[in-house]
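See the structures that follow.
What follows is a pair of complexes built around chain A, which joins chain B in one and chain C in the other.
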Partner chain A sequence: MNETDLHFFIDSTMNYFEEITNEKASAGIPYIKDEEPVVLEYTGIIGISGKRKGSVYITTNEAMLREIAQIILGMEDIQSEDFKDLVGEIANTISGNVRQAYGSDFMISVPVVVEGKAKDIKLPDNIQSFVVPLTWKDYKSFLVVCLE
Partner chain B sequence: MNKKIKLMIVDDSLIIREAIHKHLRGFNIEVVGTAEDGKIALDVFKKVDPDVVTLDITMPELDGLTVLEEMLKLKKDVKVMVVTALSDKATGLKAIKLGAKSFLPKPFTPEKLRDSFQRLLAQY
Partner chain C sequence: MDNITPNSSKEIILQTLEEGVFFLNSKHEIEDEYSTAFENILDQRVSNGQNFLELLKSRVPENIINNTIEFLNLMFREDLDDETVNELNPLSTVEFHFENRWGLWTSSKFLSFKFKRVIQEDRIVRLVGTVKDVTKPVTLTKKIEEIEETTTRQMDWLVNILRVAPPLLKEFVDVSETELTQIDNEMKRFKGTDDTKIILTRVIKSIHQMGNNASLLNLNFFTDKLHAFEQEMQNLRKKENIGGSDFVPAVIQLGEIRQMLKDIKNLMQRFKHYSHTLRPTRRFEGGLLLRTIENLVEKLARELNKQIKFNTDKFDHTLIPYSHQEIFREFLIILIKFSIFYGIETPEDRRSNNKKPEGILEVETFGEKQLCGFKLRHDGRLVRIERLLQKTIEMVQSKSDRDHPIVSDQLGSEVIRLLFMPSLATPTLSEAEYIREIFGEMEMVKKKLKMHRGKIKITFTSENFCEYTISLPVN
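What follows is the complex of A and B.
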């Protein structure tokens, strides 16, 4: 995985926020993931197979998901199930859109969602993972890309 | 008064199903069924006999392109709009080749959804 690969995912993420919320997100300086856990309240994980192999996840907090869900649906009554659903859908959309760069043999799984602060998210040991800090409004989240 | 168009919404995300329903309210439609995976989609399709379907691709059990083929075998004049995060051209062309009448990449704005749906209905 190189810098160009990482940019495909960052661009896809930026596009998601702008298209859905009409407000840009910003990406901080990416770093290589070490032993330190990168996991917030809700995490949407996508497995990658085909031409490339690995995993991608986005992890964020309820407050950000609540605001995005309100933008999409225009309603106040949003439940825990909706947050799980939304974080999975965000991960799915970011990963699916990257096929514009890699083509259709870049296969993505349905999302797996982790609710609550897990110890960490298990990623393939033999592949380097990159963490991209994200800020949308005042909300922090992380995009983690682990691609062969 | 014109007969309402029977719409079925297929997506594994509840939020997307609700968003599609909400943003298409201004059209002369009745949502007759929803489904969160490909297998359920085919079961519901047989029961509710929709005129129009919005169909996701990446779903549990059965992917949307397989579902599309099966739906068209069951009802060849059903109008299907594929709504998917798989936004590459090859996937769009494949969907159209298989018989989808419209292809809308995610993420979509309410305006893009309504425009695509309007164009789909114009094919009626």
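What follows is the complex of A and C.
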């Protein structure tokens, strides 16, 4: 993965927050993922195959999803299923935007959603993964990109 | 054979063929007769009348599916030549992607499809398709290409690596990995409110340290990479309002550096079993010690625009036991750095002090029955620190027992503390950073010196002479 790839994913995520919520998110200093798990309460994972292979996931907490859901759906009563749909949708939008940039030989899977703090998200061992801490309002989340 | 009808013969053939065979109509639908191998190769069930393109969905990228539609349509056009159209076959070698139950990619197969027209009464009625699993030859070819690329790159590295004594190389890799882990931790600990410039300064310091170490061992491929990275970080530090995204090039390059270290380790591992034949003799390793410090003198003189004659005539590495060479190397490096940085003046300064423009740096080894060590002398100016040291020595001497050696272990550590105390000589920021770096290195060496019951002594005989003596018991 090169600088342009990682920038694409970060910019795509930033754009998502700004377009959907009218409020900018900020990216922290990215770092190389080690054995320490990077998992919060809800995680949306997208598999990438085709010319490039890997995965990308966004992981966040219920509080942030609740606020985004309120903005998008205008709902107060939000259920666990809604949070799952939303985090999957965020992951899908980010990857979809990147796919548009890379062209149609970049395949993305349907989002896989993990609810609850899993031990970690399994990523390909032979590819370096990069973690980008994100802050939207006061909420923390992480974007993890693993692309060969 | 009597009970075999032509139909069942065809079935037997289709069941036993190792190649996948199938027929497509002009709507791209699979006709009811196809070989068992067809399903096996595709790893999925096929139903009669199923559209062939359905089998490709989620297995190959969209652009290949679109090209296949176009290609199959051309295959059914009677006005076009079969062979010419076949040159456009997008499935001649195609990667099929397989997913797990979550839809995430797990593995790939490389398949080769070929298509021929079936003509009846001068009309193309259908296509016969064949498919073969070519995963083995394709992956083998890719692997060979990768190996060739890696080998070309690593051959250049090997030229550098084989000149370095294995213990030094191992130490270099270990120290570099520690530095990288520190950098990773710094980046990980970053809170949005922290000053990014502080983090950048720490990253630059670590990378600078690694670059110096690589340079000492003449690992040019690594030095170049680290210097380029350090330069980029220096440029970033000059920017106002640095955000997290600005660190993207840094984190990518750190990943590449980490990968280089991993590759070096793999190379070391691969050459481990040749160690008995390729390992330099101890005599040669002793020669490497001398070469390392000669490189250091040459490099520092060049960087600091100083002219230095480095006299090593009295340096006999055989006087230093093999087990002590590493710690002597560390001491030599630090004292040489200090002497060149602070002691030996620039040619202009020396001329104005009626000295020859070329400074003299001399190293001498000594070995007795129970003691071995080295002396390092220079004819540069005596800096304020050294004068302070002299006072400290006198002070400690007056307090100590007259029969006791002038320079005790306690004094040795006091001398080192003073010598490398950052606040004593920090005229500019860069010097301050430099001194801090030496100070950090010195901490470790101090511990080692204590561990080995070693001693340090500093002598001044005139305004133009300073000599450091480091000695260690042999056993």
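In this section, the second predicted complex is superposed on the first by the 148 of 148 C-alpha atoms of A that agree within 3 Å, B and C clash if a C-alpha of one lies under 4 Å from a C-alpha of the other, contacts with A are read in each partner's own complex, and residues count from 1 in each chain.
The definition used in the following text is that a contact is a pair of C-beta atoms (placed from the backbone, for glycine too) under 8 Å apart; a residue touches a chain by one contact, two chains touch by 3 or more.
On a predicted model such as this, the values are computed, not experimentally measured, just so you know.
Partners chain B and chain C, brought together by superposition on chain A, fit side by side with no clash. Judged by the touch definition given at the top, the superposed model places A:93 against chain B, while chain C stays out of reach. When both complexes are overlaid on chain A, the residue A:28 reaches chain C alone and has no touch with chain B. Once the two complexes are overlaid on the shared chain, A:19 sits against chain B while remaining clear of chain C.
Of the two partner chains placed around the shared chain by superposition, chain B is the only one that A:69 touches, whereas chain C remains out of contact. Residue contacts after overlaying the shared chain place A:1 against chain C, while chain B stays out of touching range. Look at A:133: by the touch rule set out above, it reaches chain C but stays clear of chain B.
Shared-chain residue A:85: touches chain B; no touch with chain C. The angle formed at chain A by the C-alpha centres of chain B and chain C is 140 degrees to the nearest 10. Of the two partners chain B and chain C, it is C that touches the larger number of chain A residues.
Taken over all C-alpha pairs, chain B and chain C come no nearer than 8 Å in the superposed arrangement. 103-104, 109-110 are the residues of chain A that lie in the contact sets of both chain B and chain C, per the superposition on chain A. Interface of chain C with chain A (complex): residues 58, 61-64, 66, 97, 99, 102-105, 108, 184, 187-188, 190, 192, 196, 199, 243-245, 247-249, 251-252, 254-255, 258-259. Taken together, the chain B residues at the contact with chain A in this complex read 12-16, 18-19, 22, 58-60, 84-91, 94, 105-109.
Interface residues of chain A, counted against chain B in their complex, comprise 15-16, 19-20, 69, 72-74, 81-82, 85-86, 88-89, 92-97, 99-100, 102-104, 108-110.
Of all residues in chain A, those touching chain C in their complex are 1-3, 6-7, 10, 26-32, 34, 45, 47-51, 53, 55, 103-107, 109-110, 112, 128, 130, 132-133, 135.
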